[in-house]
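Both complexes shown next keep subunit A, but they swap its partner, so subunit B is in the first and subunit C is in the second.
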Partner chain A sequence: MRRRRMPGGVRTGEPPGPLGPILSLADPKRLILACAQPGHQLNPLVKKRERVVGGQRLAEPNGEGFPIYAPCAGTVTDVAPALSSTGDFVLAIFLENDGSGETAPALPGWDDPTDPTPEAIRLRALEAGIPDVARGGIALARSLAPTTPIQTVVLNGCTTEPLVQAERVLLHHEWETVLFGFRAAIRAIGAPEAIVALSVADRPLVGTLSQSLTERDAITIEILPDRYPQGLERYLLAALRGVDLPVGEDPATVGFAVFDVTTMHALGRALRDGQPFTHRVVTVAGDGVARPGNYRVPLGMPLGALMEAAGRQGTIRQLVWGGPLSGTAVASEEIGVCANTRAVLAYQQPVSFEVPTTDCIRCGRCIDVCPERLSPIYLARYAEHKRWDEAEAEGALLCSSCGACSYVCPTGRPLVQSIQLARYEILRQREAERASQPKEVAVP
Partner chain B sequence: MVSSMVTAGAVMGVIGVLFSIGLFYAARAFHVEEDERVELLTNMLPGANCGACGFSGCSGLAQALAAGRAQPTQCSVANSEQLAKIAEFLGVEAGPVERQVARVMCGGTSAKATQLAGYVGLEDCRAAHLIASGPKGCTYGCLGLGTCVQECPFDAMVLGPDGLPVVDESVCTGCGICVQVCPRGIMQLVSPEAPLTVRCVSPMAGKQVRAVCQAGCIACKICERVCDQDAIHVIDNLARVNEELCNGCGACVEKCPTHCLELTDGQVRVLEAV
Partner chain C sequence: MSTQTTTAAQDGVATQGPTLIIGPAPYVHAPLTRQAILAVFITAVVPVLGVATYFFGWRALGVAVAAVAGAYGAEVVAHWARQRSLFGSPGPALVTGLVLALALPPAVPLWIPFIGAFFGVLVAQELFGGYGYQIFHPAMVGWVFLVISFPSFMEGWLEPFELVTAATPLSQIRAGAGPDLWTLFAGTTAGALGETSVPAILLGGLLLLVTRVADWRPVVGMLGTVALMGWAFTGNPLAELMAGAALFGAFFVATDPVTTPLTRWGRFLFGVGVGLVMMVIRLWASRPEGVAFAILFMNSLVPLVNLLTRPRPKKGATAGA
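Coming up: the complex of A and B.
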């Protein structure tokens, strides 16, 4: 199998070497824990004014899903709809921290990832409420019980996007836990081969990791170029094994299982320490905070509180959920941190489209950086003129919204947004066509 | 001199005759049987090419009509006279024609609805909706970027000074393009005679609606209580009107605390002030 280098992409410019520490926070006063998971809503187990302790189960799935736990002790102040990062209102549990720090006893743990049976690993992944962040937040237990045979399990350690270091710091400082979880995942899936994919910037880690790997592990370490979006599964698998993963398909269809660092860290913690998934590492950056860095944040912490904790400075005019290239702006600080919140960026001046949009100067940089080899400028132009058919023919549906084109555009054109609009419209028209199939009515 | 002119004329004439013979045989060889009714039907249709029927413009519908794959009433733009003519031509029943107009089911003007954030980006409601459901506090309310106005093939809409689109019901043909393009589902097709409009689509509970908009339906059920026709009911946190029972008395409109109900007096609304 020939490896294929990802075309295009942007350099992340990550300096090699050790990263800053994982900063800890005082538990916030209020938490907003969303009870929505892909496809269904959880049943809350607590009522208003009920007292809970840290690690207590707050909501349970009805069907496929996973429970959620209280990150700290406190009182439930409300169970009501709350704004989510997508702008929808979802049922959420509002928790007020009472500062007692009381926690529920941990579950028993294992000292070695090969001790528990695959069944026990899956059960613990479910009981600890771990989502598979890379699969859009479905239950990890489901990913650990694949329906198609899996040849290779991949730990995706190169989800690098400029500024976002949440996953890298976990690998650098807590690689034992990550590796514990990864070994357990390999065992649960029963794959013969495993790969740890790292970015060039993390080369110093190779020595540390390979020392702790044994023959028995069958884990190889692969170094991939320091480019964004190398971590997207489609480009990751092409670079590792030359496999062509069709757009929008799950890696399982080509015999791979890909896990991200946060998920494996959570699994390691759940198995070794018996702790549920209640905290994650979030990169906080931007000129709106005085102390940017990588914080260990309890799930459900409102973005506003996170800004205070990181030293809010000036007036934050733009708050971005996710990385600088692929993230989206959110309209409120009253949104709780979720399992997929890799970064929160705060800016005193809106950074997107700062340059007044001028005409395209036809420099072609967007075409150079597109990893899918699309022509963003033409896609955007078709979208602008509402020529959806042509946008589809140009490949609007292949775009992964990685944001590389908008990032390099010297005229500051909203390229990704235009392509997203085209995709929305193409899919909507398809849906409408399907709904109105019997449009051609037979005349009696 | 004269002879060269004659020669040139003769040569041109011979070439002309040869080409015409060629064209004659080409026309025979490549002749396409075409239903001549299609062209006649295309001329009878309004010619707006709006695509609301689901076919590619008026000629597309004409082809489907001629082939018996469509009904004349699928054209929402043509008036009853035009439809009767088409039906007569095709020899089918025209069926009842119900004129419809589009109405804006949101009263969240820039003064009454909370704006959580500013928006910088594509001037298109769909694009704004895709970014965290837009900058408006109400995730169901009108975004006010005027995509419906831009897409209206009949120029029947304008964006009012209060940030909401306004429909000129005398021009609106009920083609439904605005209904399709609105990412929030705020545009709805109704009969122009419908006396009462609920200008809110939010299914949120009253408390949440209050928090983001002063003109939304808070599901207080006052309208239910004052209606002596039993024509209005709050279902899923939203007042819904039974148009058959509503007599347009306006009792509910007077009592509605957020003024999200609007009476039309059975009059076609025409744009004047805007």
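Coming up: the complex of A and C.
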């Protein structure tokens, strides 16, 4: 149970509170709602030209998924494949807002998170279409029904990355809703202990937060240093409790459940107000918008429309889906905001390779910041020379792709990208070996 | 981009915007880029060069210009030979040239810094593959080349202001009558252009540490070792720190990113090694000063230090396939 700081990492330099307000938007004219969830595709419940109202169910899972809902009233213009942030095409529902603002009646709510039974909480999480954002968007209802005993539930309030404040503003401005959801999650899981983990930038919040906690809660607030990628479960649990979560393992294997702020906020709204999950807070930043800030955005809002709403400025030449270290530049503005869109960064000039790539100066900063104690300088060199076996021996598969090494590299070398390439090649080789083996051990 | 057209057409709305450019993260970069590092380093040298000019006259600036010209000339020649664009970033040449110039005695003729820097950069840097690939600090290689090839010119020690020939404090200390500590601190003693003034070196060195351009570990490792050995063998650690090139070498040479170890512990050990070798030379070898030799010796051990202090990924961490 020894507490320790995560090794390496970079300072985010994010300002402490108070943060600006959560900005609201007029509902956009068009929405593109993706029907893809990890492992499967949803069954659309609506057809082209059908009219829907806000909060109406649009698609249903055909397995272990969750339904999705219309953020506003309007007409379905198409049910067709649409481009996603990864570059794949996925089935999507195109919705045109009719401006009527008509909504379906809300489900009944509870005044206290201890009123509903654990079963009712799980059912509502499913009914409200809430994903567990931190676990790649599987249904929250599944995370609330762990198969192994959970000792501690953690609210991950330090998913900090430079520029990204989407989770922090919810803690600052809508803590009551987040706490409602978090208390319900603790109840559903039946864990005896809970932790709210904050970044040191949010230390001023501790007073307000602890005032709202009661004796019955068994929730402690812990402050962690301002470090990226402190929010990754492996480093979070190491810092909080000195627990060693093996790479690629679920926190449940070591008795923890970790939830992010957006997910708990959505659960709070679903239980208290009976609202389905249709909006999330997105940080909009970069010189491509005149009004950067944290916006409450309906799911499915095309990135282009979000840019207009935030005051498009000049010609946007690079549009980043996610944070500046872990995000990806996308090829189109016609992608709808999803549950995991924490930030959208817009730039008038491409900012990739803004620092020109030159020869390595062997300063060792990449080694200093690596949270896995890898040596990105060597890993990248092995990858550049296609020496995959040596890259594997150096620990390429341990890399969590946080991108801290590329961020600090003074010579702008694409270190994490080289390691990802090595990782891809190593896993491909393994796959090929596995595929060739069954033939040799043929059944007699 | 054709995909975008399809989606827009399906929707019946013409939203084909300007082309978006995709490219990898990071989209925000840490402020310390290679250029910023070199710029801060050069800024940190300015007070030292300023005091050198104040002490020894305009000649000090001439020495600096000649050394930088030699370093940059070597780069241009190497770029020509390797058929690259001739004029690259002047940063590395400025750093090498300035460090070499400040390690030279004030009375050198101007061709001395020029050929010293030219040799150092051409042989120790460009022949090894250019800036980033050198194993030995080019300025120190240039200095040793000059000391071996032109020993008589490398003894031109002058008293500041009066510019008359004088002995360096280190030789005076070994002879048993060194200057008092305040004189050593102010630096109004004979010595290499940049090594005498303690306040100027501390000012520049502090800038390097505060901006994190330089790691504090090699500095502390080296100066700590010098102080310990000075205390143990001469009883006067402060004089050992302030006389000669120990301070200048610790802040401006032992902190070079390229020719020092990759790991934090490695850099500390590097500093300790430099301090140790330097003090051995000072106390028991025939030369009064040994910073350049100590740096070069430790440069040769860098691969070994890297191997010894290599970070190991945590044991038991298994990779999910």
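In this section, the second predicted complex is superposed on the first by the 437 of 444 C-alpha atoms of A that agree within 3 Å, B and C clash if a C-alpha of one lies under 4 Å from a C-alpha of the other, contacts with A are read in each partner's own complex, and residues count from 1 in each chain.
Heads up, the rule we're going with is that a contact is a pair of C-beta atoms (placed from the backbone, for glycine too) under 8 Å apart; a residue touches a chain by one contact, two chains touch by 3 or more.
Just so it is clear, the model here is predicted, and its values are computed rather than measured.
By the touch criterion defined above, A:Glu425 lies against subunit B but remains apart from subunit C after alignment on the C-alpha atoms of chain A.
With both structures placed on the common chain, the touch criterion links A:Ser85 to subunit B but leaves subunit C unconnected.
Shared-chain residue A:Pro350: touches subunit B and subunit C both. In the overlay built on the shared chain, the residue A:Asp244 is in contact with subunit C alone; subunit B does not reach it. For subunit A, the partner touching the most residues, choosing from subunit B and subunit C, is C. Within the superposed three-chain model, A:Ala26 lies out of touch with both subunit B and subunit C [touch as defined at top]. Of the two partner chains placed by the overlay, only subunit C lies in contact with A:Leu398; subunit B stays clear of it. Contacts of A:Cys363 after superposition on the shared chain: subunit C is touched, whereas subunit B is not.
In the superposed pair of complexes, A:Tyr407 makes contact with subunit C only, with no contact to subunit B. Judged by the touch definition given at the top, the superposed model places A:Ser332 against both subunit B and subunit C.
Shared contact residues on subunit A (touching subunit B in one structure, subunit C in the other): 80, 83, 89, 317, 328-332, 350, 352-353, 414, 417.
Contact residues on subunit C toward subunit A in their complex (touch as defined above): 1, 3-4, 7-8, 10-13, 15, 17-30, 32-34, 36-37, 129-133, 257-258, 261-264, 266-267, 310-314, 316-321. Per the touch definition, subunit B reaches subunit A in the complex via residues 54, 64, 68-71, 74, 90, 92, 116-118, 120-122, 124, 126-127, 130-135, 137, 139, 151, 180, 183, 204-205, 208.
For subunit A in complex with subunit B, the touching residues are 80-81, 83, 85-89, 317, 321, 328-332, 350, 352-353, 386, 414, 417-418, 420-421, 424-425, 428, 432, 436, 439-443.
Those residues of subunit A that touch subunit C in the shared complex are 10, 30, 32, 77-78, 80, 82-83, 89, 94, 162-163, 244, 246-249, 304, 315-320, 324-334, 345, 347, 350-355, 358-365, 367-368, 370, 372-375, 377, 395, 397-398, 403, 406-408, 410-412, 414, 416-417, 427, 430.
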